[in-house]
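Take a look at the following structure, please.
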């Protein structure tokens, strides 16, 4: 499989939407990688946090949207707290998730799937959070 | 409303060419205006600049006089707080015109007609942007009749 | 009625392309008082200037208005021309119809209309112009150097060599500054002390240099050429004249709990101490907060052992007032506090250190005698991780937005110093970008990678987890997009540089401004880099922005050259556009004295005739040598008793009226 | 109050008698029940005409400027607001503290004759007596009692400093008044709530009444310039034509000139013969100063810097439109 | 001392001990916690999108009620605290959110962020004081080596939560010390447990909690305390060696009101 050449396009409408929903400016990022270096969930991410911003800088929203990364993010705000450029990456991750689950029928978590995922000890908080994060 | 104000408000507004008087401090904002020129940035010709050594030289009398004589908007531009050539002049400007602007609004002037802004010598862009914005807002409001002396025709 | 001449410049097509010169001329001719109107392609050319000069003479002009480029460009030129034709230069006004008209407007009709308005305003103002004559002030042939680091020492030496007296004020007990703490210097790796110490000695022995160590600026008054500075000499508790620097007192001092400032807290010092062996002056100082004598009244051992009776517990701070013609500010920088960077447990773990601590750890004169050992257990480390940009280029509230400039180079230096002594230690450097502009700088950094095998990793460290006796460093290599874990023994943090905490306070005393980061602001970022907005006050070194030693020294010599140039003048002319008091109107409320940024206004009692009687009256009085002409007082003065020459109330109102016509 | 009035007279008499002062500045009764005038007394016997009642509203401190031009010592009676005015004059170097002896009078609040007239109680009125919270109107027919607050000057209703802040001798016990601050800026807030056009219409109507009699200026303790800028033809702002614009100019500048210096005595509004509510301009500025720079009660503590003669680096900046740096 | 108290759903179901012990202890400390009458679920996660309004309304209702009573709003569950505190910040600083929410809610008085939200731990630290708390301990937990597990939601983002140093917090350690036990600091005490990932990506959540538990074990922590039901669930699920309890349970025990 050959490597595809991407065409950078930072003006895409969908991308603008991400930036609006998140209220974040990806241009502020200088790719220091501190987000990735401290991310506790990075082991199950196919695209690393700093790469998410890089791809958004290049207008490659699709790659981010199709990644496992956005579903591995636990919104723990470690990156948010440490970013030297004041970028709230958790908000960008959320914005990408929302563009997916807000389109009809695209909820990641279906109500029917829930019983299989919970156990008697699991607190409501987990289920409500999951629904808010994965469903619309 | 007294007679003289009625006269002004009945002026034809369709050919409205607003006049903005801008007081610019010599060291920052006047230089910023020059930079706007050197960079060939565009702003409308209705903005006319009066040079003062420091924004703290601007007496509220001057502002009132400009409105009296027919200015539709007045801008005072000085160095950013902390950057004053005279170290602290613009801090006084800030206090004086914080109160003055509120007082003018209190007697009924629209807030958009009187502005203070900080424009450094390197901010040609900002100078043009501030003037364009001021003009646009004043244009929306139409000719100023408040505080204006009807005996003076522009 | 005045006889005003108006001269309209085409500036080639720069003005004439957008402004209808003829229309401007016609309009100008109609303005009352205007008797002569001329135009020319380039008014600033010799031909153009002659045109003006001839008109002044032939037409007996008493005011001149030139419609041309910005006064910032050629006002001086035209004033000079007027002066040579016998006209007071302050009777010249400029209408800026280029930068503020032809260059910013496209529509010729509108631009022409505006040009006419600007000419009208300039004429209106010129009509009210008066002859102004600048005064002369003397210059005190002595300079003050605030800060005794390498910047201060270099500047002082240069000024002293030019034959002028210089005083150095240094806050700490010894001159030397940060450079004295540094082990080796980049990009040559020569020993810092070896090149600095001779300069420190030169400064202390130079007949033209006088040191005020352990001293601070208390107050500054006056103005260019005539500053009056009050210096607070803090009580050293040791008589410097009697002390021989034998060091017995510092050895015997029973209190050894204080952390040595010079060794960045890596070593303890006594309550009576000499900061470091090469200190200048080599005179100890008593830290009164640590000294048992001061704390409990008991002890006094140093006094008993001193062979020359130099200990003086009852010394008090003394104030010295001295006049100076020029002041150079060279107060240097500090590293930011790392308390808020908890992810790098600097405050928690002794093996996490700052770059300045590293300097002391590798210095042969340092606490480990140059052996590079872990502060926690004294063992030799196997792996060392450097983290750059800790707080630099950081927009968050805990960092600084700017690049600290020196860290890339000193980190490469640190890495090499380790590798040179202990090639077996593994060294990792985490960086965001490596910035090495400077002569031989990039070569230096590449040597670290290529010859010394330092592992440079583009990426940051997320967190350092102390695990057992290791420091587990979680980082990322952004180039390969792999996350890394390094079991390090030491972590060295390149903490951001910052302006001195008291920079603003000093700035206020000197009436010089600081930028958003508290660094002192130069008069122009490119063309006047060592001057401030206050005439006669110059900047050298890192107090103006992050700087390395070569740059600091270059700037110091530049500042010295400026100061020498000023001292050499002997006399200065001042700006004649200063405030004046109408004593008849002044009620003596003295509000103006309170707001004047230069303390140029004082009160005086005059005698006036009132209803036939002579009565005494308090009025404001402007010191024209101090007044810088901001005009702020004129607004404070409700009655309008204060007015600014050259920018009088009447003149500005006339401009407003003319513009609004 | 009558007890205190006796003390006023006695104090004045003694001061003149023992030569402590050369002149006494107090109040005397006028022709009508609501009249009181400033009294300048140099002879002992003259002190009998001095009064202290609910109509001694005139602020005597400003008369000192003129009086002190002679080389004499003056004794003066000052209420709370008058004392603040005195301090302001002191700060402006318009009076000499050493030449003045101040007899402080804690003030129970003064009665506004206009309110009495409006209530239709003025007819046949012989005397008005005030005690604590009550006011008694005495006519031939008899007495009528009311709550004193009903007839107090508006400015007295919001007064924060009924007790003199400076005095050499206090002639009565300090009084307490429970004036809440919530009520304090009600007059200003009413105007702030209007739209710009409504505000303009309101003020044009007010200003156009102005006859440029300068009563406001003359009474104001903060307006103490030897020569007002509006009387100085050189200043080129002295326009006095009967046009709206010049009246607006005058009143805006007048208010600005007392910014941070107005002691909120409300005398400007009171003396205005055409009823322009001038104090509402001053109080707007006081409100803004309080909000932006912290409470500053001019004339209370003369050692404090006037708000417009100082600044703080961290002052609010309503003008910074495009912040430098940051997000 | 009286507060407006917001419990949240989990406290009424799976995390009843968190609440029970908190209320017992509050009573012992002379603190009145008045449960809000008609509180609704906060949503468990703060809506990060700028355009989310609906999901913030329940928090604003709780806030407005506290503001109206002029009381501080107190929370117990870390998630509720996080959500309500951040929504409050929005109401203070984001005009757009403020206007939309107020337009929608039509409260008697517009809510503009007047209420102050504090966590139970902050109440102990700032209102009572840990030194005073220590005086009230009747049953000191001597010789117990207890580790604090902070999790994410109380600490981050630091500027909004303003709870403690996000990288090197100390409030729970000081709390433990006040109860007479020995706090043990371990480096992973502020790392994320995985949170809601345990619903959809159990392996990842497992890995994240493993790291935390390993770090705690290595530093000889004998028991862990937390303020978050989900953290407790995630940590508990994976481990048998270290007991995990709510901080309120320790508090109740030390104050002698556990039973």
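Per-chain numbering from 1; labels A, B, C, D and E assigned in written order.
Just so we're on the same page, a contact is a pair of C-beta atoms (placed from the backbone, for glycine too) under 8 Å apart; a residue touches a chain by one contact, two chains touch by 3 or more.
Predicted model, so just to flag it, every value in this text is computed and none were measured.
J.: Given the touch definition stated above, what is the smallest step count connecting chain D to chain E?
T.: Between chain D and chain E, the shortest chain-hopping route counts 2.
J.: So which chain ends up in the middle if you average the CA atoms?
T.: Chain nearest the centroid of all protein C-alpha atoms: C.
J.: Suppose each chain is reduced to the average of its Cα coordinates; what separation in Å results between chain A and chain E?
T.: Distance between chain centres, rounded to whole Å: 25 Å.
J.: Approximately how many whole Å separate the CA-defined centres of chain C and chain E?
T.: Taking the average C-alpha coordinate of chain C and of chain E, the gap between them is 48 Å.
J.: For chain B and chain C, let me know how many angstrom lie between their CA-based centres, rounded off.
T.: Distance between chain centres, rounded to whole Å: 33 Å.
J.: Roughly how far is chain A from chain C, going centre to centre by Cα mean, in whole Å?
T.: For chain A versus chain C, the centre distance works out to 46 Å.
J.: Quick check on chain C: which residues sit in contact with 2+ other chains?
T.: Within chain C, residues 343, 395, 463, 516, 595, 636, 649, 653 contact more than one other chain.
J.: Got the chain D residues that touch at least 2 other chains?
T.: In chain D, 229, 237, 308, 313, 324, 326-327 touch at least two other chains.
J.: Tell me, which residues of chain B touch at least two other chains?
T.: 60-61, 65, 82, 88, 92, 96
J.: Give the list of chain C residues in touch with chain D in this complex.
T.: Residues in contact with chain D: 395, 401, 504, 516, 582, 584-591, 594-595, 610, 615, 618, 636, 638-641, 649-650, 653-654.
J.: In their complex, what parts of chain D are in touch with chain B?
T.: 191-192, 196-204, 208, 229, 237, 241, 243-246, 248-249, 251-253, 255-256, 259, 281, 284-285, 288-289, 292-293, 307-308, 311-313, 315-322, 324
J.: Report the residues of chain D in contact with chain C in the complex, numbered from low to high.
T.: 69, 91-94, 224-229, 232, 234-237, 257, 305-306, 308-310, 313, 324-327
J.: Report the residues of chain B in contact with chain D in the complex, numbered from low to high.
T.: Residues of chain B touching chain D: 1-2, 4-5, 60-61, 64-65, 68, 80-82, 88, 91-92, 94-111, 115-118, 126, 130, 146-151.
J.: Give the list of chain C residues in touch with chain B in this complex.
T.: Residue list for chain C touching chain B: 70-72, 96, 98-101, 103-107, 110-111, 113-114, 117-118, 121, 507-508, 511-516, 521, 525, 533-534, 577, 595, 597-598, 628-632, 634-636, 644, 647, 649, 652-653, 655-657, 659-661.
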